[in-house]
Amino acid sequence: MRHYVVRNFPRAESSLIDRLGACGVATVHEAQGRYGLMKPYMRPIYPGAKMAGSAVTVLCHEGDNIMIHAAIETLKPGDVLVVTTKADCTDGMFGDLLAASTRAHGGLGLIIDAGIRDVYDLTEMKFPVWAKAVSAAGTVKESPGSVNVPIVAAGQVVRAGDIVLADDDGVCIVKRENAEEVAKLAEARIKKEAVSREELMAGKLGVEKFRGKLAELGVKYVDELPGDWMS
Amino acid sequence: MRHYVVRNFPRAESSLIDRLGACGVATVHEAQGRYGLMKPYMRPIYPGAKMAGSAVTVLCHEGDNIMIHAAIETLKPGDVLVVTTKADCTDGMFGDLLAASTRAHGGLGLIIDAGIRDVYDLTEMKFPVWAKAVSAAGTVKESPGSVNVPIVAAGQVVRAGDIVLADDDGVCIVKRENAEEVAKLAEARIKKEAVSREELMAGKLGVEKFRGKLAELGVKYVDELPGDWMS
Amino acid sequence: MRHYVVRNFPRAESSLIDRLGACGVATVHEAQGRYGLMKPYMRPIYPGAKMAGSAVTVLCHEGDNIMIHAAIETLKPGDVLVVTTKADCTDGMFGDLLAASTRAHGGLGLIIDAGIRDVYDLTEMKFPVWAKAVSAAGTVKESPGSVNVPIVAAGQVVRAGDIVLADDDGVCIVKRENAEEVAKLAEARIKKEAVSREELMAGKLGVEKFRGKLAELGVKYVDELPGDWMS
Amino acid sequence: MRHYVVRNFPRAESSLIDRLGACGVATVHEAQGRYGLMKPYMRPIYPGAKMAGSAVTVLCHEGDNIMIHAAIETLKPGDVLVVTTKADCTDGMFGDLLAASTRAHGGLGLIIDAGIRDVYDLTEMKFPVWAKAVSAAGTVKESPGSVNVPIVAAGQVVRAGDIVLADDDGVCIVKRENAEEVAKLAEARIKKEAVSREELMAGKLGVEKFRGKLAELGVKYVDELPGDWMS
Amino acid sequence: MRHYVVRNFPRAESSLIDRLGACGVATVHEAQGRYGLMKPYMRPIYPGAKMAGSAVTVLCHEGDNIMIHAAIETLKPGDVLVVTTKADCTDGMFGDLLAASTRAHGGLGLIIDAGIRDVYDLTEMKFPVWAKAVSAAGTVKESPGSVNVPIVAAGQVVRAGDIVLADDDGVCIVKRENAEEVAKLAEARIKKEAVSREELMAGKLGVEKFRGKLAELGVKYVDELPGDWMS
Amino acid sequence: MRHYVVRNFPRAESSLIDRLGACGVATVHEAQGRYGLMKPYMRPIYPGAKMAGSAVTVLCHEGDNIMIHAAIETLKPGDVLVVTTKADCTDGMFGDLLAASTRAHGGLGLIIDAGIRDVYDLTEMKFPVWAKAVSAAGTVKESPGSVNVPIVAAGQVVRAGDIVLADDDGVCIVKRENAEEVAKLAEARIKKEAVSREELMAGKLGVEKFRGKLAELGVKYVDELPGDWMS
């Protein structure tokens, strides 16, 4: 009904974004109470892709990428494009030309709840993309949308300036207001996990902590499979 | 009702096929007016796979590969097997033995709207395959089918001798009759895109071309997110 | 209703497991009459992953990995964790800490009919995993399950001590009681296939064996596409 | 590249279409050698829907129904709209207004490899529709397509004038040229099935016919489950 | 990280909700510029279900319905429960007991981006539900969530007090602030459609309005299928 | 590898089966500790279908129904056919003729982890079927399978003589050995639920029981949405 391109919005400090990026998606998602994870169908186009930045959000009509062009003009260095469509779409709405343009304006990469194309070239460029599908199906430029309004992409609300983290485990959104708090919690988790890792590698059993819980849940230890098991 | 193995059919000239192959799937698909693209579930078994050839078409009963054996006899150098099944199937209907045989008869690779197996060996052989699924499930040889009749595979009609292009972006079919015309259009596109790429890398904004269109579509530029946005 | 952790169960001899592993999933599946193959949605997290071992089975509530901790205590060198959930689940129920612990207790890798996380680290560790999904979504430790009772994972029954084979083509289960017999049949197949491969590479046509069958099925050879084809 | 609205094409005689319609989708599909069945995701919007007519084919851009408007002008009494899109689409591209218009021009119903809306009204009107999805998502009218050119819908080639059969079991296409032959085969099947039905209802066992085949396939009859079963 | 049950929030006037409900999902979605439609996998459990109310939002851990119990306490007459889970889930998280309780507190029905059970009883009660799946899989009560915080369900943001419309075509959300404006636009559309319907039923062709557009798009009218068609 | 038709196996007493059937799928599944539920893709072909009986199990090659014919001979009154295939399959492997034959031999209905056809006739006959898909795609009779060996169907192990319960909520398997115990637990649940239902209908809040748990989980009650919510 109303379509806007919003030019300005606040971003988190880059040092904060870097701290979150260093923690990784799985740890940050856990640290913020299991919020903000996109659906697992969002996959990187090459293994080892990793990215952390501020969201520039794009709402497109399915199969129409005119608003991505409009969004690139609003990019600042360290930003990440986050694109969604009004209805489900697997068309390849972004390719190597748009990637070149995104990079020229400081953009780090792309999250798209739709399809991607020119995968070979994007991989050569090491331009990181998380997408729902790969498809050579091209797009038209006929229907309006918005830039930098709050959107829903792959099950998550994303607002311009929210922090986007992406790696091999998926994509996680951290609200700008929570970034400092979440970074601290995530870093604490990393430290704790480092200790656990050493202990576990040395043979300590994780189950030691849960013996009481297992008993309380009625789990019984037996030497042989009893006749009355059920599954 | 009637099952045929058709021995002869016209093919495009190999120089023409090579020109199309050099343009890539996304560009050719765009150049021929967005026709001919197979469904995006057709994925290469290893990244960087690329192939262009003439179609030898195979219609199989699901889970039965007897007709692929029959099809190999009709291969000429530069041909590509395009296999479909009567009903949906993910069984691994083709493996390294059939690949060895295909290659011995000049076949370049395989497009299969079903499953593939021996993926490790096929990757080692650099035998390119685009498939719907990977599955070790083997096949029987009990039901009839046809070779080199027109088929539908992954949503596209393919006739023997049509040109098959495949790369990381998917699989596209070009009708033999249109090959010359499509090649010219695709090559023109490639040239135009090279210019665009340089301009975009230099920072030019793609949106400059669409300012009028955006205004016409009612998209408004604002400095801050207005209260009445909707998404 | 009843939840057990079963401590002991018989395993096959490691030499037998190795023989099966050397044959590969596709050949073993074929050799045992096309039994035991998990659904094709079970995919390795990196190409070239390969594993053969004895199953330690784990039944979890969806999104709850407390029983995986319990299972690690029952591992012996050469074992493989096989995890399933009571209802469908894509949460990342296993990550690099559990992998470190599994390895410290002799476990070779993981088969999980649910999600996996820390994919980058697991790949670096060369810890092989076959899973249904990749997801950073973490787990709770609140609901009971069982260890080393018979389970169903990705469509197959797995009992503790059954032999688990996994490679790029998928995952196959061989019953411990049948291992010797299946290994012999699979090895015979490998030998036969080596001969076929040489013949096929030398240009021999596989269809020669099926000419009678094709005629019996009513498949006709023609020089040109007849007007009455149908597909 | 080229978009046409084709005004004229030959249709089968209505008596022939009626004979095929009376046989039903499952029988006709079987009678023509298991050709022509659309993918099983095509479902009727209400139980008991049934339809037989001549195809008016429509190729649309995804999410754009301008060509359906163009197609209605080419309808003759007894025709059926068969709509497909260039790329996958679940938008509701057809609703009660288009149904009213279709009916005013003699159209019987709709087959659409995309979404449908106004399902309540269409059900009230007893306007039969087979679709891939139900969705209120509306459409634009901005991109070209074609009418009465050969299309692929739900995995089948459909040409204008081909016979479309649809009931609770799905949608089947019969080529106009084959209609007479297929009708005879289907009617013969119906007669044969009527005899079988009576025999089976009287308790005759279908397996009597297959005892030899079962023996040949190595299936053994036993009184109790043997220890060496495998599944 | 923080889990709240919010007791109070503003609701739209019931007369306004009724006006929107009378227009239906497809019309309202269109009227508000194609915003607010949930994914098409949300289907009613019986045909003809229809509902309009104010959202009480519920965020649950997957497979855990403790927060639905908490939400019922916040219901007012005319409210609708809208339930989502942190990760994908098809468990039957709501059944006839919760429906009885919902109704006792004035709730009209349920929208749930997860599974539903007791479908037979709910249908007998005429308790309307739109769900992603039907499953008898029950739930635990072990993990925290929130009530009446903004959630994402089936791809749409829903805030407590937003207006929820649901019928056979799906589920649409209207922001409380926009309800008046959207109702007017939708009612205008209904009037316009009534005129169109009469004209179309009288045989007027919709394509008359688009002849110029079709010409501009390069669509050509021909009497016979030309040799150079492509699809 | 080995294919058997097993003629005899023990069945539960019909009074016990009836008691379980009266409790319904959701209650029985809950009563036996959430075991035995088939995947939610198993849906009845008409609303209100309901069935309880002893399993006659059938393992088929995909798209081949010869073993269903063999299974019908082993039916006794009150039995239910439970059919699965070696690899995924949506073909319509069972239709009205087989239903007539099944009924003539005392069979009550069908559970099939594959496709079904003749849905209209089966509905008219009130022959209850739970299936994965509806498809007119027919079958061949060329590959061996087994009858009354343990199988996996839709994620559950089923042994001949196990009790099969099915209604609008799905399909649940109860092991014959557990039937008596499960029936008692389910009946106790029914009684308890009747009390709960009355209380809830009278306005009692289910959350009263969980106030302690919610506090322990850190869920806070607030009057207005706080600024720091997260979802």
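General remarks:
The chains carry the letters A, B, C, D, E and F, assigned in the order they are written, with residues numbered from 1 in each.
Simple rule for what comes next: a residue touches a chain if its C-beta (ideal position, glycine included) is under 8 Å from a C-beta of that chain, and two chains touch if they have at least 3 such contacts.
Computed from a prediction, not measured in an experiment: that's the story for all the values here.
Same-residue interface: subunit A and subunit E share over half of the residue numbers found at their contact. To fit its Cα atoms onto subunit C, subunit B must turn through 120 degrees, a value rounded to the nearest 5. A repeat of the A-C interface exists among B-C, A-D or B-D. It is B-C, with more than half of its contact pairs matching by residue number.
For the pair subunit C and subunit F, the distance between mean C-alpha positions equals 27 Å. One finds 38 Å separating the Cα centroids of subunit A and subunit F. Those residues of subunit F in touch with two or more other chains are numbered 1-2, 32-35, 37, 40, 86-88, 90, 135, 137, 143, 150, 152, 157, 178, 228, 230-231.
Subunit E makes touch with subunit D in their complex at residues 25-26, 29-30, 34, 37, 40, 43, 47-48, 50, 167-170, 172, 193, 196-197, 200-207, 209-210, 213-214, 217-226, 228-231. Across the complex, subunit A meets subunit B through its residues 1-9, 46, 59, 66-67, 69-70, 72-73, 90, 92, 95-98, 100-101, 103-105, 115, 117-120, 123, 133-138, 141-146, 148-152, 160. Those residues of subunit B that touch subunit D in the shared complex are 1-2, 32-35, 37, 39-40, 86-88, 150, 152, 155-157, 178.
Residues 61-63, 86-91, 135, 137, 140, 142-143 of subunit C touch subunit E in their complex.
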